[in-house]
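Read through the structures below before going on.
Each of the next two complexes has chain A plus one more chain, namely chain B in the first and chain C in the second.
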Partner chain A sequence: MLSRVLRTLVISTYALMILAPVVIAIDRLWAVTGVAPWQAFGLLGDLAVADGVLLFTCLVSVTASLLTLALGLPLAIVLAKYEWKNIALIRAILVLPFVCPAIVAAMGFLVLFDAGGPLNYVGIDLYQQSGIIGTISATLGFANVGHFIALSLALCWFNLSLVIRFIEPTLANMNPDWEDQLKLLPQGKSLWQRIRHLYAPILAPGIIASAGLTFVFSFTSFALVRWLAPSADTLETLMADYGGSAGIYGYRIMSSEIVLASSMVQIVILGSALWLVSHMQSLHQSRIAIVAESFRRKQQGKAKLRHRAILVCGVVFAVLPLLLTIISSFKMRVVENGQVSTEWTTQGWSIAWRGDLSYAGAGEALGYSLVYAALTLVIAMPLGWMMAATIHSLEKEGKLVRAKIVDFISFAPLIVSAVMAGLGILLGIIMWFPELFAWFLLPVWAHIMMVTPFVVRVMLPALRSMDERYIEQAKILRLNQFQRFRLITLPSLKGPVIVASALCLAFSLGEFGATWVLARTGDWTTLSVLVDDLMSRPNYFPGVRPAAMASATILMSLTLALFFISEKFRDSKDTGGF
Partner chain B sequence: MTLKISGINKSFDGKRILAGVSLEVGDGEIVALIGASGSGKSTLLRIICGLESADDGEVMLAGENLDGVPCEKRNIGMIFQSPILYPHMNVARNLHLGISGKMSREEKDELVEQILNDVDLAGFQLRNVDELSGGEAQRVALARTLLTKPRALLMDEPFSALDTELRESLAEKTRKLLSQLDIPIIHVTHDVDEAQRIADRVVRLCDINIL
Partner chain C sequence: MRKVLIVCSIVLAGTLSGCLNPSGGTVPDRCESFTPTIRSSNDTLRILTYNIYALSDEVVKEFTNQTGYQVEFIRTDDAGGILDLMMLTKDAPQVDLMIGLDNSYVGIALKNCLLQSHQANTSSIDASFEQGSFAAEDSLVPVDHGYVCINYDNQYADGENVSIPTSLENFTEDIWKGKVAFPSAATSSPGRAFMLATTDYFEGDGEWDWWAAMKANEAIFTSGWTEAYEIRYSGGYGQWYDGFIGDAHATISYCHSPGVEAFFGGNWTTSVALDLPRASFHQIEYSGIINGAANIDAANAFIEYLISEEVNRDMPTNNYMYGVLQGADLPETDGYRFHSLVPDEPANLNLAELDIEALVRQWQNSTS
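== the complex of A and B ==
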């Protein structure tokens, strides 16, 4: 168990690294605007540019959460209940979008929805909003319904894995005798009664937790909103747009007001959502313990045609945007004699690599991305592990309220979102250390902020499920603390450590919001910023899109390789959600 | 090297588990501790080896008061009801964990070979622990504990998960092995026959009782 001193040190370090930048930034915005943070909520309604932004953000997040449940639950059910060949591979494909960098997803969906894309081909025009989408838009009086649908679908794609990760293992390990017994009882005759008395109590916490997390990730989505709903703003994009001129005394005070108001509203809404998620996750863990005690995975026979159809649709939905990104990297627009055609070429890759259309080439961006990811891993992994150990240690000692508070603190970076993390560093830390303003390692700080909560989320369930008797036996065998860690704890947690490390690297490689905010102050371009940079160029140059897609493909390949490595080490009963 | 326990009290969540328990076990003596489920037998062993702390009372070994001495520094061996073998290590590596002091790999392997012979598991070095039967796993756990050269040995119903025949033969072998040790041994069981077969003295731990 961690000593009290070590515990305090861990929590202080976490608070200092993760929370301090945001607290200092808010303090600065307060000083610049003269508006106290608790009075800032009203500002959002007063500022014309923020009109409707909160409503849109909430609407799209709720829609994405419901859509994710609607698509994710049938997938989780068929995956859990029936026999599938290569189930590990199918599961890996279905949950793959979650580690895919948001900017890559944005590119994939852009191709899917854009003119000449597969959806456009079948008459659904989400981008220009003609045809049936235009009719829906006119009927509802909702100006950009196409963009709204596109964004909701992309957010659903991104978070589908959360529903599958939470629900599928729990359902698969549920003893079928429970349902059989219930069928013989008066209160379990109908399917609805069985759902009410058996499935809902067991699965509800997982369902609510996954929907809550989807809401949080949708609420703070940046790259997807930027590229798929260019006509609309969410709180996150609004903060990013105005963040560059915020926090400066006497200069465009409105920017500071927007950032302060947006961040405060975001903190309250996301804080409430994550509190609910945290509570539901611990309820979910207790349900898993009940299920795991009674049974081990056993499917209920072969899948029927309709089950196969559901799974095939899910797999196609998961891989289609990624495939389209790869394909688009080899397609270039050619204009000859006023005629527009497409040719297959590797020119996009050459343009991306050499940096012909961007400030940096893909090679240089890859270098920055890898350095940032490696440094993030070195700091975030031990920090997250220690935070998880602290929470676990408090739980074991029966200090449940304190454990819950520390657990909630560990979620904090998700409450402030990536853009706010970047702004926090920019406005907060630079105030104290202005010489760091052009330090190329600055984004690492933001990456650590965004990645560490995931390390905690992976390591905490692993620590909770580790057999305590192993450590007790090691003590009796007179192994000292270091020996116990090296010989028992580390090998026992090898799987979760590899999973957490791979996620750390993958999320850092794909991090966009905070890096985008910080990269504006320097010339450190990561792959995700490069993709955005290339796509922002005038489409007049035919090489722009294939070069962006090529950069996105490099980024995607790296994160997917890391993902498949981590999947090899993942426990099939893993229900941590990430 | 007498093991002396005096006036041990222990409560969990306000419920008293042990009340003023005292016991003395001499060098080379095997004491069987019997009692009903929930009478605190396992808790007493965990207090003696330092995995739990007592609310009151003291544990003395060879005249040394063990109060405040962490588990890993007490050098008291304990065998649990289900053998705790590490699944990421084979039999030999599990046994290496019991060897302390600087020693070459060859010397360690020699000790492992010797102790495996003693527990009738010769040639089991490279076996994975999940390939072992319940009886074999328990003998590996016993071998590992013996390798630590403990100053006292505690056994918490080590044969309870085995079938009757195996339990009897293992109890017999264990008795032979333990009789060569000159240390105090407490063997917890709820089987009176087993207690009489193994122990020099049988002690009953009542629900709340002073021995």
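== the complex of A and C ==
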């Protein structure tokens, strides 16, 4: 009885904190437009400003997913099959883009693609579309194909870790005898047959899950689209553009229609994708359970040159945008007598820190970012843990359908975008607590919404793999619930708790979309908003860019430090995907 | 008895010019029935504005030193964002003062009773602002202004290979195909201003055909001024901007934007403002006290500070707009004034009478 009450309480709290703002927002948009949410899908086709936006969003998300698989699978395979020195470090470098704040990634790729950047140097001009990119654009008849490529590449970079995290442990822990045995059978003579009969059944769920998640994160990407493909709109940027005037009775109804239609389409598409991901993750977990031997690397031995080349390319791809961001923070443009040159200086850092070109200095923004991250951790960590425990206990009791439903609810915040989450909070606040409108802690709510699902994703596999016999023995020893938690559960889950906490902090520090929507109602600038703010300043001032890059470097350093801490505590067999 | 008389006189005065609202300010008669909830305030003046660069920390600190009033800001992207937030919090306003709503938006604010009369001394403002669409409104105080018009790159339209346009129709010709960037009239303040100018240029007959012709001529439509000017326009400072494309040789910006380019570019620019009769829009940005403001005295004091010599004279260099004081002009430094255009004949529109939102919808239909 008590556990049922607790479960209900946990799910209700989650629903109230995480889902209520979105429900309120949709209800308000319904009231303003007079269009029921289930009738809103058709609106998107009728609204001229949304013309082609859904197609572009789907196209770029699918391209990014395929590209991520194309680059991520070879990396995961070579990483899993061969012996590597410092494999933990290599793995950490390859997966670090995922925790890198999107705005930092956007800055890194801007430098990579810009007129004086490395790609431009080798003749790839993604923005002004000269040379080969211009030829591609003309051949395809696709305007701004360079922006499309830039965005797809950045999204691929961002999600590369998903493929590696899903595939590498499965392959690394797979008993190589299976392949040897299969080679002796008629169904395993050729490599293609072995892929079909051995690798595909084992890896397919992980591949589909990682591609599905890449699709989801690409579909809702905001900072990368805003900065790398400014000529294009996705559903997310469209909502951000029109969100400010949405949900107001008798005022710019079209804005409300755009946001309602976009959010409903997003919910359906992302809901379907996440349902598939959730299903594939369960299958993936069951595959993992049967391939738990780990001597593959030793049998395969050292990597050949081509395998090393693949890994080196992967590592360079992972770190290049980040390195370029750091380097750019020390480069300042100098124009004298019409001649443009570059000066190496720390002025960008001084400008950023003092806030000479922004309303807040990097120090102040850092303060807000840290306060928001700390508060997010304090609330999201226990909430996500309790939610994971609820799903796990339902599974243990054999209530698999209910467990599945709660699991899906825990995923729900990812179905709505960060921009929609911010908008939901804004409209909900206006409706019930207008006095909180300019409360500086308001963005924390949005951060909790966006971060809690990741806590659930990290804690759930950990809870599932916990040895229950220790708990049973503790019960025999008459330890009470608190003692069992302190002496058994907590030490057993120390690693995942640290991983989840670090991710929580890192994602909160880097959160941009919802903060961008909410920060407009107040004067609270986080580091990610500061970077955007600085880059939006007129570029007359040579200090704009290095100051933005310096702020991005501070943000990047913080999140990467947290990431490396979490990696230290991560179980090498962790297949949770995050 | 004396107190009763005083209260009666205040009420009477209120009813003569308007009505007293719950916060003690005066609103027009038609807004009498609208009584927003006054927020509980900690005596800090809360200002809603866009990223107005003139209001630096130093400027605000000086105001606090002079008056003792603390200030906090809520900043939006642009004038449209200011109106959005005012509308969103209409029933329970969370700010005291708005700064930056321009004459293409302010009609909606007035119609929705979002502003109340001010008591600031505005005698320093140039007399020219006593005329125009909203000059009679005692809830609006102009703080800066400028003209919005087409800017073109003279390295493309050099007068030899490509003629300098002499009419808007010229832009529908092949030579301008895909080379003009327009910020959206729905989401951009300059875009909205220029759209309004075209209604006067074509005298209400043919403007939508022209916009449709521009669409057919592959004009580039962007959601905001930033993308049109910084990413697409070849004649501006966008060349320093990451992601710069530079495929548009004409765009919509302020007629003094070339002056700003020269000011920051060492008296060098390739950008020129195009002076076509009635194809430019005189944009005036206002400040106003929110109907339902909690700190009216502080708001009045800040308005006076905004139009003081020490703040308003620096508008051209701090906010890249003309100041509103008598004799205000642009500085001559580095060609700022030389490269800035004051249109001979800007659009003449009665903005108070226009249904601008309906025009925006028509614009959207024509350009999609």
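We take it that the second predicted complex is superposed on the first by the 568 of 578 C-alpha atoms of A that agree within 3 Å, B and C clash if a C-alpha of one lies under 4 Å from a C-alpha of the other, contacts with A are read in each partner's own complex, and residues count from 1 in each chain.
We take it that a residue touches a chain if its C-beta (ideal position, glycine included) is under 8 Å from a C-beta of that chain, and two chains touch if they have at least 3 such contacts.
Here the structure is a predicted model, which is why all the values come from computation and not from measurement.
After superposition on chain A, the partners chain B and chain C are accommodated together without colliding. In the superposition on chain A, contact of A:333 is made with chain C only, not with chain B. Of the two partner chains, neither chain B nor chain C is touched by A:186. Once the two complexes are laid over each other on the shared chain, residue contacts for A:469 go to chain B alone; chain C is not touched. In the overlay built on the shared chain, the residue A:141 is in contact with neither chain B nor chain C.
Touch criterion met: A:540 reaches chain C, while chain B stays clear of it.
Within the superposed three-chain arrangement, the count of touched residues of chain A is higher for C, of the candidates chain B and chain C. Applying the stated contact rule after C-alpha superposition, one finds that A:480 touches chain B and leaves chain C untouched.
Shared-chain residue A:128: touches chain C; no touch with chain B.
Of all C-alpha pairs linking chain B and chain C after the chain A fit, the shortest spans 52 Å.
Partner chain C is touched in their complex by these residues of chain A: 48-49, 51, 110-111, 113-115, 127-129, 144, 147, 227-228, 230-231, 233, 241-242, 244-245, 247-248, 251-252, 254, 333, 335, 338, 355, 359, 426, 430, 434-435, 437-438, 520-523, 533, 535-536, 538-542, 545.
The residues of chain C lying in touch with chain A in their complex are 37, 39-40, 46, 51, 57, 72-77, 80-81, 83-85, 87-92, 94-95, 108, 112, 184, 186-187, 222-224, 226-227, 230-232, 237-238, 240-247, 260-261, 264-266, 268, 357, 361, 364-365, 367-368.
Partner chain A is touched in their complex by these residues of chain B: 49-51, 70-73, 75-78, 80, 84, 86, 88-89, 97-98, 100, 144-145, 148. Those residues of chain A that touch chain B in the shared complex are 467, 469-470, 472-480, 487-488, 491-492, 494.
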